[in-house]
């Protein structure tokens, strides 16, 4: 499986993260999104006329929607991430996959504007981002009341992976995560999973590694 | 509504939102803090600024009974003393390297912080348990108007139709915002708690609409 | 506060390869400027009211000034060495003081915590003594004999090595680092940070590199450097106070911070205070 990837793209990171969590080895083909705008160049436009990344290629299959890529990786290698199949749970997953596209637009748009100088109405993007975070906070709280630590059940699913990156990187776009304690706990639960990988802007949880014994000093401080 | 004097207890967070071994940012009238819970469960409230290069300590990580700054790993005890500077592993950091700490107490599932060392204990709300915290872009006055009730020292009780009564503790923040801790009666079921959460969200929406229309003098 | 001292310096304002006739609008120390190509394909920079500003094209970037620079843009001799690959890493905006951005670039003690398992990792956190001086003739800050153990120091490195560094500050908002170059022992890879001050608490950072590396694809090199810088960005946006304190009292350096101590002293000596605060609060 080949991923056309930009290391700073949260949408590409969704796929890299799902691959790591499900044990799939991806062939990474780096795309010079910034400053080179390679995603709009002839080679990549031929593969995906929408001009977006990520693009996932597996033989004849070419996927250009990150939600579909998450579903595909889970179906191939880790079906538990698709949920139990119960109708309510399946519906919740679908709902959150759709919701994640709003996050790409608002939190992602704010981030592109604040960090990479892309055009946009920053006030509206941030306001919409805050509204989305409040919905997420409220829903995660209600899930907690039902005994569930994640968006669709008590186990993580592709719904969580779809929403996590843009939420975790909201501060990049000037949207603080301080007011959302339930989101903080959910984010932490994801970052603590076995085989979790970070992306730039999401720090490693150093507390998961005990205090190492200091190396004996070679020189005088 | 609750006093914003610095010598009284201010409810800054809910216990349920700060598990063992974690740190979170919180705001107090005397400035921002890094609120954290050590591995043994003890709480500490450190000034949210590492004295090395000014990085927010609330972004740091807890190992054992100490909080470390995410920037260079400088490590602080619960009393605020710098214990370790990873760039100089054999150095015992001088006592002058420390962060200011505040008094912190946990009562009734709520974490209270004070700037000084108050004689009394934080209030307890008999029969109520914390539900969740939310932040409103509205002042206490707008909140009172939305609820149709005057806020007292211990917050106020409000009931939306079809939802259980909720007790709200509003704490003024900067920039006209209000942190609201929502409590429900201990006997509420899970579905009642969900209804209570939605009621709190409705109240917030109403208060923000009032605030946006020009606020309340 | 814009002092004359900083007004007369050169600042990066764009990437030459991405410039066209339409140009780009940007800001320099609070003032709007426009950067474009003229009819002859040369870079042109204009300020408020169409005032023509000084312009220079160096290291793939366009440089300009609100004042009258007395010297050309500082030299980087390695940029003229044959066989070098030049990498325009691309601009990143950061809500921080331009001086904080430079100071972070000079620091290595954060490698194990911020660039975990790339530029450093626990327990290899010790920063050994190194040499710092202000070279009077060039009027630049230099740190040499800086060493740090790294699991994956560069795209061209195949495993953990002890990397040697040199750091240089040739202008108030620019820094150049030199690091040991695995494919060519004895030569230095050059990584520079050119910082455009938009406001005292907002800057556009333009990283650039001059490397000996014929193997690694260009995009990989760009992504590696962007990864490192983006990891720093979330630190830079959370330092308090926003402005860099130039007086002692607010912040506590140790021996590992000698470069930054020299940088702050050099800034103060020159009255380079845009993005700085003077009295400890």
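The chains carry the letters A, B and C, assigned in the order they are written, with residues numbered from 1 in each.
Basically, a contact is a pair of C-beta atoms (placed from the backbone, for glycine too) under 8 Å apart; a residue touches a chain by one contact, two chains touch by 3 or more.
Predicted model, so just to flag it, every value in this text is computed and none were measured.
J.: In graph terms, nodes being chains and edges touches, is this line, ring, star, complete or other?
T.: Contact pattern: complete, every chain touching every other.
J.: Check A-B against A-C and say which one is joined by more contacting C-beta pairs.
T.: More C-beta contacts join the chains of A-C.
J.: Quick one: most central chain, C-alpha centroids?
T.: That would be A.
J.: Taking the mean of the C-alpha atoms as each chain's centre, how many Å separate chain B from chain C?
T.: Averaging C-alpha atoms per chain gives centres 38 Å apart.
J.: If you average the CA atoms of chain A and of chain C, how many Å lie between those two points?
T.: 30
J.: Going by the touch rule set out above, which residues of chain C reach two or more other chains?
T.: Correct list: 113-114, 122, 125-126, 254-255.
J.: Residues of chain B that touch two or more other chains: which are they?
T.: Within chain B, the residues that touch at least two other chains are 59, 70, 73, 86, 88-89, 91.
J.: Return the residues of chain A touching two or more other chains; collapse runs of consecutive numbers into ranges.
T.: Where chain A meets two or more other chains at a single residue, that happens at 203, 206, 214-215, 217, 221.
J.: Sort out for me which residues of chain C touch chain A in the complex.
T.: Residue positions touching the partner: 15, 18, 88-95, 113-114, 116-117, 122-126, 128-129, 204, 217-220, 222-223, 226-231, 233-234, 237, 254-255.
J.: For chain A, which residues are in contact with chain B within the complex?
T.: 134, 137-138, 141-142, 145-147, 178-179, 181-182, 184-185, 188, 203, 205-207, 210-211, 214-215, 217, 221
J.: Considering only the defined contacts, which chain C positions touch chain B in the complex?
T.: Checking each residue of chain C against chain B gives 103, 107, 109-110, 112-114, 122, 125-127, 235, 238-241, 250-256.
J.: Can you name the residues of chain B that touch chain A in the complex?
T.: 13-14, 17, 19, 21-22, 24-25, 59, 61-64, 68, 70, 73, 86, 88-91, 132-135, 190-191, 193-194, 197-198, 201
J.: Under the stated contact criterion, what part of chain A meets chain C in this complex?
T.: Against chain C, chain A makes touches at 6-8, 30-32, 34-36, 38, 114-117, 171-172, 174, 200-201, 203-204, 206, 209, 212-215, 217-221.
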